[in-house]
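Order of writing sets the chain letters: A, B, C and D. Residues in each chain are counted from 1.
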Amino acid sequence: MNRRELLKSSALAALSLASGVAAAATPAAVGRLDLARSAFVFIEFQNEWLDPAGPLNRLMKDRALFESAVSNSAAILARAREASANIVHAGLTLAGDPDYLVFAGGRGKSGLKGAIPGAGTWIGQDRVRFPEPFTPRRGEFVVAGRSGASVITNSNLDPYLRNNRVDHLYLMGFALHVCVESTLRHAHDLGYEVTVVSDAAPAFTAQQQEHVIEHVIHHFGRSVTTAELLAGLAGERSPA
Amino acid sequence: MNRRELLKSSALAALSLASGVAAAATPAAVGRLDLARSAFVFIEFQNEWLDPAGPLNRLMKDRALFESAVSNSAAILARAREASANIVHAGLTLAGDPDYLVFAGGRGKSGLKGAIPGAGTWIGQDRVRFPEPFTPRRGEFVVAGRSGASVITNSNLDPYLRNNRVDHLYLMGFALHVCVESTLRHAHDLGYEVTVVSDAAPAFTAQQQEHVIEHVIHHFGRSVTTAELLAGLAGERSPA
Amino acid sequence: MNRRELLKSSALAALSLASGVAAAATPAAVGRLDLARSAFVFIEFQNEWLDPAGPLNRLMKDRALFESAVSNSAAILARAREASANIVHAGLTLAGDPDYLVFAGGRGKSGLKGAIPGAGTWIGQDRVRFPEPFTPRRGEFVVAGRSGASVITNSNLDPYLRNNRVDHLYLMGFALHVCVESTLRHAHDLGYEVTVVSDAAPAFTAQQQEHVIEHVIHHFGRSVTTAELLAGLAGERSPA
Amino acid sequence: MNRRELLKSSALAALSLASGVAAAATPAAVGRLDLARSAFVFIEFQNEWLDPAGPLNRLMKDRALFESAVSNSAAILARAREASANIVHAGLTLAGDPDYLVFAGGRGKSGLKGAIPGAGTWIGQDRVRFPEPFTPRRGEFVVAGRSGASVITNSNLDPYLRNNRVDHLYLMGFALHVCVESTLRHAHDLGYEVTVVSDAAPAFTAQQQEHVIEHVIHHFGRSVTTAELLAGLAGERSPA
């Protein structure tokens, strides 16, 4: 399956955001974008991934998939800012914990808890910065406290969302089969509706991307393409 | 990749439980099985999956993968009982909530929250029973409260584990790429060590199984085969 | 301070539910009862507290406070049923865990985790029943999984509330300074609005009751009296 | 009850840390201080409370109670540093969220979620600093993400503790009946042992202090005095 077919299969699975049809009690009904109850969650748009010189950037083996995801996410962010939507920057920042105490230094730990200290990532002040256009602006929420793959586990994101009565998350970012998928799965279990923007959330390879889209997302939420999401956002504006 | 190669690749990735080598500060060091700090978590060994007449059973398309997983899990359970290990039965039971109020009846919900009410599963008293040999015995913990894919999210499993000072989970059950993987991911984020028993936790197909083993588990924990786990358990006995 | 003055001081602190005035951006504004977004949470209306022969019943030293709380709660439940409100029965049930495995048997544990196993409470099938009129009816949610003082910690209550878009809790039950207060505090931190019904949630003594009402509740939510709540509920009916 | 009697009543209720007696399976047994499994949690030793010019400082009406708590906490911190104990600085820092987005700006919110934005506290860079000797040093953990009264709710504290196998918390800080008590209650429910250092955790008034010590702590943990804790720490040193 090539990239074109990949996006097409994603589109077939997705709700039609642009249609605006909201038949009661059908799955499509909830697809209508309710700006006040939605948040656009940008996961790890930081130098650690985006800087071509960085070690994580090189994990992105399918460059076309990665590069179009970055430009698609920029387009979504621009439109979300115009609409005064709820915008969340869900980075990872261990700059205040240079010895990785949160992971016990990674000693004897498997998974990311061991791998991150081993690689020495996420502690450089320059590495954890959000480059333009992904730099947080006033009025946009910056997640703090997060240490796991899911950006909503043990962070301030969940209280932000409930206090603001947001219960639908749109996910963009890196990497689809790691942190984006962990966020999708945990948010589903907490009671959120979750929509993954399939061409704005790249895995390392197209094959991994395809697995998540075909075998994972429908168990926990939905997916849309950037084009569908932008169409759904057209003309919308938050009342707040 | 056929099934034999699948298990082999899992073995290569796994820590050598049987070796007993515990070199400090290497990943292998934590692999030595510490019975008092470990729990064997059996996920959804209930009629809903195990009864050949049930709708979920038919989702298991690779029958060899499914059937060997059931017999492997039975062998692990028997050995864990001999060792007086911490045994956890992590089922899903909505028999007390026949209208699926916990999912708002599934109205307008995507993912499992919509699919379960749509399929009418997990509410029949006979469907949610744990058949032998997986029927819980006195001294074995039965998870309550769980409603998500992860068995540790919003259930009594986490307080059980901390109160008993257990911080290493061994996962068996259904289905690998759905509930087992959600449990693996969330437990990792909470600070647990997690080991998936790769040939005792089947996905629907061998292809899905392979994706999880090759592209997912190492981000969040480790995997072992049943043979490796049984070797690691040989001669062990909980002091309690 | 006698009981009459106690209730008066509670009333002074409370929002005026009955007034219906909703001036934007003032604390009173959120006081208007929104049935669809509210849940009435009845904490531990079980024989363990309500049966005069039970050991916990005897902890309720101020009998007038206790008895009026029970009758007030019954009146609220009757009215909430007429209004088709969201009703939650938040009991504690360890009947499936007679050895208190969730608390490691209580060995070496302080607090309720040690005291409950020591007292042998919450495991009798008859002790954990909800007597009439507090017996759950179809369409009312029964909390499962809970093991802590807060009924919302590690139970299925939080996903029920988010899936049903409920973000305002009204609390009734036992005992004010123990489980009711723990629920108030945790729900506040999670982003809920919480209102304690001050004369339907008794502490053991009037002095303890007064401390909670004067020194605790305003940090985490609000309080109303039963009369105020019933006035606020008059004429309301859930659209669902 | 004067302050001397207050401390005495606390001592009577407390486990005898200094005795060193560790009779198996008795509540006193867990009282023996296990440095590797304990963390000393300093709650909000920031200018917001400590600077006499600050608005929160003035809430501390019993000045003797407050001032001795600060000096007692400094003595505990010094001894804990000598012992290479696990030290946690659990502050509150909303400097990165000057519009209080996490609380929806406080609009229509009751409790701290409304009061903090109303007072304008916790957002000044100078206000949220930890003055000496409470300034975090390398190797000491600084809590991030926290927005609630409990310092362990939706922050990175819980994964830090599990990853480091810490399950006993010693609490010092401000204010006893607000954030310290919320932390005590939530940590108990999560499965931690919690010990409040009663003369290092001041309420606003001695009367509030007395209520917490006499009517609250024993439901959720234990209390010790600074003298008892220092005696228990004498000669201890973390193996790490």
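Everything below uses one rule, namely that a contact is a pair of C-beta atoms (placed from the backbone, for glycine too) under 8 Å apart; a residue touches a chain by one contact, two chains touch by 3 or more.
For clarity, every value in this text was computed on a predicted model and none was experimentally measured.
Novice: Just going by residue numbers, which of B-C, A-B or B-D has an interface where over half the contact pairs are the same as at A-D?
Specialist: Same contacts by residue number as A-D, out of B-C, A-B or B-D: B-C.
Novice: Can you check which chain pair, B-C or C-D, has more C-beta pairs in contact?
Specialist: Here the pair linked by more C-beta pairs in contact is C-D.
Novice: Distance between chain B and chain C based on Cα centroids, please, to the nearest Å.
Specialist: 35
Novice: Just curious, how far off is chain D from chain C if you go by their C-alpha centres, in Å?
Specialist: Once rounded, the distance between the two centres reads 27 Å.
Novice: Going by the contact rule already set, what residues in chain B reach two or more other chains?
Specialist: Residues 109, 113, 147-148, 154, 158-160, 163, 165, 189-191.
Novice: Applying the document's contact rule, which stretches of chain C touch chain D when the two form their complex?
Specialist: 25, 27, 29-30, 107-115, 147-150, 153-154, 177-178, 181-182, 185-186, 188-191, 193-194, 208, 211, 215-216, 218-222
Novice: In the complex, go through chain B and note every residue touching chain D.
Specialist: Residue positions touching the partner: 158-163, 165, 167, 189-192.
Novice: Could you please specify the touching residues of chain A with respect to chain D in the complex?
Specialist: Interface residues on the chain A side: 96-99, 101-104, 109, 113, 138-139, 141-148, 154-156, 158-160, 163-165.
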